[in-house]
């Protein structure tokens, strides 16, 4: 039965992706900065955005709200009740941009501009003492930020 | 672990059945007449009951209604479009009592008295030419009725 | 507190038309019991009910819309004689009496305390595919012709446990099972089969039985025809003889050309059908298509399924999706290159006992066309040169 | 025409109080899609949602109410970050790009044309049973503590087929999967695993995926933690490095007493729990009880389950309900005679690779109590001398 179990068993129904659409829709931001859009944001600008979009759930100074503690870690990571904030636990600053752009604010995710996300990254990193008050985050400076807990992870099932 | 996988693995939670309740609830009627209640019914009484409870769906003379043909077989069983009525196909008269008592009428099953069911059996058997017009059906006469297709069945997976 | 911000228009990347709204607004909250997507509401049971008696008839599992071997509970086929009784489990009992040493009554709570077993099994109505006896092939989707079969993981108490508790008299040979529906349907089942592998079914794909499938308890009779799996089970009477109920004499018996009729034809025979491509679907252009279908046998496991694309002139072995289980649906698959020309697709199954699914012509030759029940002939789909699929013989 | 006769009172047998109304009136008619009995509405998912973000949280499968190994679709557990997107399948696409020769976009209709495979698999959230880390045992029903696990027959397209169509660049090592939920959750998965046995899941227990489980398509990553089975899948980007998303750095990593954290802990470890008897139930009197539970391992098949009724001093082998399948729930059963005295019931599993389910103390000693995820310690139920069952350590 030649027509049954043909040489190839799958059709080829994938349409070539349009590069513009790919570029517009791509949200992934990698630790080496790949995927970061052009744009910039300052700590001050971030502070205002944070107050407007985030403080309601995360607390005025990024802790003590109904949602996750984002800054102000007190207990170290080897304490049974360790504080796992952005500053004390996150290994990569680029993760902040990747997550905030796609997931925030909760009521209208993915509606912040690149500048606004850079600014929020700047403010949150500053609130965690990782960058100074005059820091400006952009496609070059954000991936260059060295997070305190950069080497705090042990890969178990992937090298 | 003595208490695990005990000698017996099932509890005994069946309650002994009350003989009165058993007798009242039992509907099964067997070809030898076992299960038939006391009572009697005539062809005439059955005719009136049939007209009132059954004709609406089975047709005035037990054929031609929206529901199954109950009598008036024309085409024999070896005809591709054979008529399978009570008279031409059913092997046991007791099945009529068993079925009508539990299942009829469709709008209020199980609400006919023993006398009424005996009467309906009488009329239906008469309508099929199996018993004469003056027949009286009861616990003795019904099982004694010899159905025309009594030996028309070949048991395939049970002896 | 959830600030449902007026979603500020994307400043940088103005919202292009391919932007999906659900990416930018919170989704639906959690629910206690989920339902299918509204976009799938066409995947439903097709109903064939008696106009005068709305609860008398069938509803078919839409086999052509499903994949794998499990039938989701909401789509399990129905065959009722007078509707689905709305039973309060607290008032329902199972009475075991007749040729027993001690007649017993079990309530639902007690039965849930007994040893149980789970088993993936199909239930097929004896009347499934009966349109196959018609002179000309019926032009309806696969499920609407062959959909009186479903497959679930059934969990329940082995009959043998309850029979031992009551004590069976030596002359007992049959068990008359009776349901608590409006018509208290009763069926005779050989005691040997009940002891061997039958269950008092209590769970269906993990949850308690559904009302349409016999809640709060039903009989499970592995591999045997659907009517024997008595729903809403309320009585088991042991006896030396079968009761010869209406559904094992007037119905569920098969007239032969000779005028004699087969009776007590319990086991569902070896059978298969292609669910995709199937009637009503269409192949847009010459390409590779995945032929997918179901095979089963009441006698045990499926050993092999072959598929033909040229009306039976040549055949190729389909792959069987594991695990291949006894008396259970088995999914078979084989890729097929359609060249745009008319074709006829067929499948045929063989079970572990060597039983083979017959061609329709052979089945009709052996049994005539008046039998109504137990149709397991090979099912064929014709593809015309525009790719339209229809039912053929 | 249905003559709803005024049901003449039973003349002969006056209607005794044990007469059941549903025996004497037509039942409910056929329906296109069935629902559970109203008498079973307490068998539902228990919801644990964030007050400020109603779509953020979990809903638990009520394991103690179920039997067998299949989770009915309506009770499959939920874990969402911002609700369930109501996706129109006609507007949903899957984009495969990054380190590929030809980036491709597939729509749902096209994917349904590809070769598929069915497989019975559990999906367990990495955070399942996390209350086990608490100092004192949480007093909630089994499903409300350990119910972030469900089991279904998943049917879908092997990733390898799509990867071959796009052509994978030699330096690709990872695939970043992204969902179309409100937060476009993204996770990094090793390319080798994706090629080996991952599916684009399209069917769940025979019907199309449910919205809460990722309709119209999701990732199926056999044996690996739930967050990796990305729901509402819309994008697969191949890359040389993991993206280090929030859910594989800030979350789904496990702090150790040393202050270091385990990362990329993919496989769900060998685990089991008794679902009956379990917390909240009570044994009315000394008698034989059926101990029933579930065992599973992300590493493959369960080889053995032992049960103890004396808090681990002595153990006996439970029977495993066949078929025992790899990376799938397995039902175990063992009858137990309770003598009315206090007792502690436990189960422990071993998988085909020799992995053993640890005692809680050993797990805490090895991992500390701040890890939150991957809790697979032995689960113990205490029976007091009034037969009341509660959670214990």
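Labels A, B, C and D are assigned to the chains in the order they are written; within every chain, residues are numbered from 1.
Keep in mind that, in the parts below, contacts are C-beta pairs under 8 Å (C-beta built on N, C-alpha and C of every residue); 3 or more make two chains touch, one makes a residue touch a chain.
Small disclaimer: the values here were computed from a predicted structure and weren't measured.
Trainee: Tell me which has more C-beta contacts between its two chains, A-D or A-C.
Mentor: Greater number of contacting C-beta pairs: A-D.
Trainee: Using mean CA coordinates as chain centres, what's the chain B-chain C distance in Å?
Mentor: Result: the chain centres lie 29 Å from each other.
Trainee: So how far apart, in whole Å, are chain A and chain B when each is placed at the average of its C-alpha atoms?
Mentor: 75
Trainee: Hey, how far is the Cα centre of chain A from the one of chain C, in Å?
Mentor: That gives a centre separation of 50 Å.
Trainee: Which positions in chain A are in touch with at least two other chains?
Mentor: Each of 9-11, 25, 57, 66, 106, 109-110 in chain A touches at least two other chains.
Trainee: Scan chain D for residues touching two or more other chains and write them down.
Mentor: Residues 1-2, 23-26, 51-53, 82, 113-115, 182, 184, 289-290, 335 of chain D each touch two or more of the other chains.
Trainee: Which label fits the chain touch graph of this model best, line, ring, star, complete or other?
Mentor: Looks like something else, not a line, ring, star or complete graph.
Trainee: Tell me, which pairs of chains are in touch?
Mentor: A-C, A-D, B-C, B-D, C-D
Trainee: Quick one: in the complex, what on chain D touches chain B?
Mentor: Those in contact with chain B are residues 1-13, 16, 18, 23-26, 287-291, 307-310, 314-316, 334-339, 343.
Trainee: Which stretch or stretches of chain B touch chain D in the complex?
Mentor: So the residues of chain B touching chain D come out as 1, 3-6, 8-11, 21, 24-25, 37, 39, 53, 56-57, 66, 105-116.
Trainee: Show me the residue ranges of chain D that touch chain A in the complex, using the header's touch definition.
Mentor: Going through chain D, the ones touching chain A are 50-53, 56, 81-82, 95-97, 102-106, 110-111, 113-115, 161-162, 164-166, 176, 178, 182-186, 190, 235, 237, 239, 241-246, 249-250, 253, 255-267, 368-370.
Trainee: Provide the residue numbers of chain B that touch chain C in the complex, in ascending order.
Mentor: Chain B reaches chain C through residues 9-17, 19, 22, 25-32, 56-57, 66-67, 76-78, 80-82, 84, 86, 89-92, 94-95, 98-99, 102-103, 106, 109-110, 152-158.
Trainee: Considering only the defined contacts, which chain C positions touch chain D in the complex?
Mentor: 1-2, 20, 22-37, 39-41, 43-45, 47, 49, 51-55, 57-59, 65-76, 78, 80, 82-89, 91-92, 113-118, 120, 152-155, 180-182, 184, 202-208, 210-213, 215-216, 289-290, 292, 321, 323, 325, 331, 333, 335
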